[in-house]
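Just so it is clear, A, B, C, D and E label the chains in written order, and each chain counts residues from 1 on its own.
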Amino acid sequence: MSVITDNSASASSGRGVRDEMVAFVIMAALLATVPFTGIYPFFVMQALCFALFACAFNLLIGYGGLLSFGHAMFLGTAGYFTAHALKVWGVSPELGIVIGTAGACALSVVTGWISIRRQGIYFAMITLALSQLVFFVYLQTPFTHGEDGIQGIPQGMLFGLFDLSKPTILYYVILVAFLLAFLLIFRTINSPFGEVLKAIRENEPRAVSLGYKADQYKLMAFILSGTLSGLAGSLKVFVAQNASLTDVHWTMSGEIVLMALIGGLGTVFGPVVGAFIIVAMQQYLAGFGQWVTVIQGAIFVICVLTFRRGIVGEIAALFKRSL
Amino acid sequence: MNKKISALMLGTALALAVGTGAFAGDKVVKIGVLNDMSGLYADLAGPGSVIAAHMAIEDSGLTKKGWTIDVVSADHQNKPDVGVNIARQWIDVDKVDVLADVPTSSVALAVSNLVKEKNSIMLNSGAGSSDLTNKSCTPNTIHWTYDTYTLAHGTGTALTKSGGNTWFFLTADYAFGAALERDTTAAVEAAGGKVVGAVKHPLNTADFSSFLLQAQASKAKVIGLANAGGDTVNAIKQAAEFGITTGGQKLASLLMFISDVHALGLQTAKGLNLTETFYWDLNDGTRAWSKRFQDRMKNHAMPTMVQAGVYSSLLHYFKALDQLGENPHDGAKMVAKMKTMPTDDPIFGKGSIEPNGRVIHPAYLFEVKSPAESKGPWDYYKLVATIPANEAFTPLDKSTCPLLKK
Amino acid sequence: MVDVKTAPNASAASGTAKAAPGAALLEIRDLQAWYGESHVLHGINFDVRTGEVVTLLGRNGAGKTSTLKSIMGMIAKRTGSVRFDGQELIKMHSDKIARLGIAICPEERGIFSSLNVHENLMLPPTVRSGGLSVEQIFDLFPNLKERLSSSQGTKLSGGEQQMLAIARILRTGARFLMLDEPTEGLAPVIIQQIGRTIQRLKSEGFTILLVEQNFRFASTVADRFFIVEHGKVIDGFANSELQANMEKLHTYLGV
Amino acid sequence: MQALYAQLLVGLINGSFYALLSLGLAVIFGMLNIINFAHGALYMMGAFCAYFLLNIFGLNYWYALIIAPIVVGIFGMVLERTLLKQLAGLDHLYGLLLTFGIALIIQGVFQNYFGSSGLPYAIPPQLQGGMNLGFMFLPVYRGWVVVFSLVVCIATWYLIERTRLGAYLRAATENPNLVRAFGINVPRMITLTYGLGIGLAALAGVLSAPINQVRPLMGADLIIVVFAVVVIGGMGSIMGSIITGFALGVIEGLTKYFYPEASNTVVFVLMVLVLLVKPTGLTGRAT
Amino acid sequence: MADEFILETHGLTKEFAGFLAVRDVNLKIRRGSIHALIGPNGAGKTTCFNLLTKFLQPTAGRIVYNGKDITSMAPADVARLGLVRSFQISAVFPHLTALENVRVALQRQHGDSFDFWRSKSVLDRFNPRARELLDDVGLSEFADTQAVEMPYGRKRALEIATTLALDPEMMLLDEPMAGMGHEDIDKIAALIKRISAKYTILMVEHNLNVVANLSDVITVLTRGKVLAEGVYADLTKDERVKEAYLGAGHG
């Protein structure tokens, strides 16, 4: 069993959880003030969707020790399902989110069941190949409209009350959804299930000899991670108002790995920081064309060679806290 | 390099952007050239369209009248989501007034939705789908240069009438390909021909061999290439390799630009029929303008009809601005104004803008010269027929544009 | 057999393994080694003289194999001093060390399953002249010759694998051999054959450092013994003193 | 019927690329325990190398066939010495991430300078044209690709399975420490092995240039299919990689004939089926 | 359930690529006894052990535990039947505290280990029992220490405490004294003796002194086969055992 990170290895004791809650409140407060700062809310909303996606991805690698290289399939699947439900079936936003997330959940059950048979590098390759399979399926099925994608998706009224076409309302809806999902992930890490998952990652044969069926726990982690990634994909539809192949392509899977890696695999806040950095970088350096890809590649190389704990991991190590 | 620096500064300005609200009535205009800067359509649109935009600004003479006109550009990578993202940011943050060019129909259709929502303007030159002025028309979009109807009724009708009465399509798998296949099918059938099959291929395909083999197996007399740019070039080359053309089947490159002919070389491209609405060597006006353009291009390429369309559409926009005397920053209003004015420039000649946003002007059926016939660089076409403006585009009574139902 | 008159007492505390007359081919002083974070050798001291057979005894996990691997340079993190024929090896990589004429026959034999018998035999490159010719090797291990065409090295019986593992390092010209538990899991008749082989190698002038748990066997070939416990050499005596040290051996080795 | 043969030929050509690439991956994985994500990018570099040789130095296809694998192989060896080497002792997944990063850098640099559409590379004059075999039309160049890659695959197999150098390589794959203790410079062997694997990728790139155009992203999607091939075949044996590579190409070709819609996905579907029946792959050892 | 033998094997065989590591082994472990499996290095003890706990699948033969054929069961299921093993290299969860190590085992029996929505503070109810178990093996002062920081001998004790937390019927200990000093050996031996009052124990051990003192029955393996079985006193008189275990001399 391969453990790629030592960040989360330091057990979060009582103090650790308190530190993390303080950090959470600060993060929530900062994000809540965004609409008053003049920062382009669209940018922050997009970053929040990716932050959620990265946190969900991190749940699997950071706490389950499994590197998925195909997580874009959940983001994209949920996006297509939600987009289709909103545009073609005309469902309400909340139902659209449920449909998208459920779609990603179902996909994660199937792909998890297949890929969990191998570990380490093979697991990474299998998830990558499965996501490519999903990509081709979406390329060809009519409802996704292939290269064109689903465009001009109505945002609608959430619970019949909140008009999501108003940027400020949409922003707070996205923010609340992100914070709730973040708390759920945080709780999962610090739950009875999280304890077993950690035990399996630390010493799988021992956990098995105690009677834990390791594969079932890994599958559960995979499904949770896939489903939450799906939630991110569903939310993103309301922000971008489109669903396209970009979100199922392997480059998206690579980007999410990068976000978690640069922020700190196995840290609670690392993926959020990583997502904001990468989304900002793509935004501000867009004029440099493909140099963005080069920079991303360079970050990968630097992180792997010298900076394996990521930004938050390094900070946490510096202050001997778990974040 | 300048472009990159300005794009960067623009980016940094982003975070500081504040909701100052729309200016009402000033002499500031911002043009955004949104197209494929690095991919398979980079040669037919790309940086050349930016040059065309700058030429339009110069020729409008507005700067001398106290106007401030900026041009920004970006690469949409032929991805609708990327294109919409850039466009949204341009409109929201950078206060871009006009989106110009926007090739790749899927991107164009997506941006068209956004432009309508934000009451901005799209002057489309690069995209082909006739849907832009039919079921997807908006009061904020004008479609210049050409569309799939033009191509279908130029090349499709001509080839069918000259004996190519069974067709097989190789179709690029996105909005443009589908529209071109649909419109050409209609034209072929109207001319008494029959479509025996079609296969879709992904955008930006390198190896066409297995698609070409399917086309070959269909025994159709004409293999219609409902794709564009690099895809068309590859398909034509490989058709030769698999002995398809020597086997008696004819290739119809439904959309082909002079840049593609240049890439193929006359030896491979000779004899191909194609439909365009602009060729540099049509008349004195086109020759003069094209020469200026060519001098500015790094690789000294002649303009394509898409680049010419960017120039022409912006020039018309500036004329409208000039008449108004100030920029109202109101997309629908500007477009309405533009529709009331006849188009007239040295490139496309005299024409008009229909209520559905379609610009009407003549189109031309060309045949590619053989190397022996060519008298020099870029001397590639001989004119076969001129298609009058009223036949080159969807007749207004057949347009499905909802704007017309009022 | 060499008659060891003076019993050298290797004392870990003083770090002076008394050298008897005769040049020390290998001198080890305060050798420490780590596997990652785990400290496995805590200061090994002993000498091996040219032409003798020295046996390291000790319980599982005492550090015998780690000692051999450290000499060979196969454990990256190590400190102290290992001098071979006057050269310091402590900073060398194992391929350099091998080229000085040291060869190892590892525990569990290290026969490569993806190589056939012939390839296994011919694998180690010749490091210096003076190695045994293939004919001499077949003379030493007659049954190897018959199995030469066998497809996979690991399809051989345990005894044959052990023969092959020894045979392949005789070819190379190395004159200092380290054998790690060559009798492990083998039938008595094979063990006897290996014993005879070692004696013959000794008579040919090879110097041998042996790791064994089977001290009955070791007593048939060794000149001297050193006992390893907790990563240190804690005692040493000549073969002639074996009986006198039986009691101690039982305590140390737990047998 | 003619179409079936023709599609089989196209399948064999794709199979050639799968085989050459998965062979390289398997060789590298054996020695370095790294799944080389940069393999596709280096394959692309092979094609670009051929393009540069022709357009800058005027050296034709035949020179490229020899020079490109060497040049790109040396580039690979530099990568190994400077970057990959530092991963010794770390989780294998870091190798995957590092080589992924390297792939992004290489592809990004080429995209910057050459855009994302293809640069033409002509079929060498000696191999132009085609033959009408009666049952099908065979473009000479495509036939050449199949035969030549088969020869290269067999030669590589022979090198590894039948020569002394190959014996070192196999032994070092099993137990590098012991092989080094026999006096063989294993780190240098690792570097050379990486060079060999990369050289095979670059060779595939040269072969592919006249067929697929020279494009910065030509290897990016291909490498994912090759990953699936590797999962199907397992990385246990050299011959296994070769056979699964060609076989999957042929299966893909058949699919193009009988059910074209599934031709993009058939390899991945097969991967799923193999995983369900035999998780270690067809020729793989348990990991 | 009142079978005399808790664990039996019939013709247990394991082949690795042409090499028979374990051949035709028939074991019968009496309920409530301490049974030792000894033999020289390479005799197949650990392979045998891995077969019994299903970490390896036998090539041939059957394993019957408590009258139930477990030959084709998964290792986690075997553990759930109360047949729990330890490992040769100490098996703890290095970055969990000693208390958490034991708690992971306690948690398994109580069925909420898939609950990802609850706080792990629900696990606090296991703390008293976990402390009790740590007391039992003399680890009270290490309760809040991460396992990785504990001395080697203490890790073995922790491993035994974790195993005991499952309240197994039978424990399989793989060289519990490997790599230990004399002091630790005595402590662990005393611990094993004490817990043997409640559990059946099968241990693989190299240290004959320990085996002599602890075990009721000893099975000697050599080269994958059972050579002899009996009590220590008898075996030490057996020439074959001497030869196999202590080594064959000649001359």
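Here, contacts are C-beta pairs under 8 Å (C-beta built on N, C-alpha and C of every residue); 3 or more make two chains touch, one makes a residue touch a chain.
Just so we're clear, the structure is a prediction, and the values are computed from it rather than from any experiment.
Under the contact definition, subunit D and subunit E share the contacting chains A, C.
The chain with its C-alpha centre at the largest distance from the centre of subunit B is C. Set against the Cα centre of subunit D, the chain with the most distant centre is E. Note on chain placement: the centre of subunit A and the centre of subunit C lie 55 Å apart, centres being C-alpha means. Averaging Cα coordinates per chain places subunit B and subunit E 76 Å apart. The mean-CA centres of subunit C and subunit D are about 44 angstrom from one another, to the nearest whole unit.
Chain centres here are Cα means. That of subunit A falls 38 Å from that of subunit B.
Under the contact definition stated at the top, the residues of subunit D that touch 2 or more other chains are 111.
Residue positions 139, 289-290 of subunit A each touch two or more of the other chains. In subunit B, the residues touching two or more other chains are 37-38.
Chain pairs that touch one another are A-B, A-D, A-E, B-D, C-D, C-E. On subunit C, the positions that touch subunit E within their shared complex are 59-61, 108, 113, 152, 154-155, 158, 181, 183-188, 191-192, 195, 213-220, 230, 254-255. Partner subunit D is touched in their complex by these residues of subunit B: 37-40, 42, 77, 199, 204, 206-207, 209-210, 213-214, 216-217, 229-230, 233-234, 237, 241-243, 247, 263. Those residues of subunit B that touch subunit A in the complex are listed here as 3-4, 6-8, 10-12, 14-19, 37-38, 74-75, 78-82, 84-86, 88-89, 92-93, 105-106, 109-110, 113-114, 173-175, 202-203. Residues 17-19, 40-43, 175, 178-179, 181, 206-210, 222-223, 243-251 of subunit E touch subunit C in their complex. Put simply, subunit D touches subunit B in their complex at residues 2-3, 6-7, 10, 13, 111, 115-118, 120, 123, 130, 132, 137, 139, 141-142, 211-213, 215, 218, 253, 256, 260, 263.
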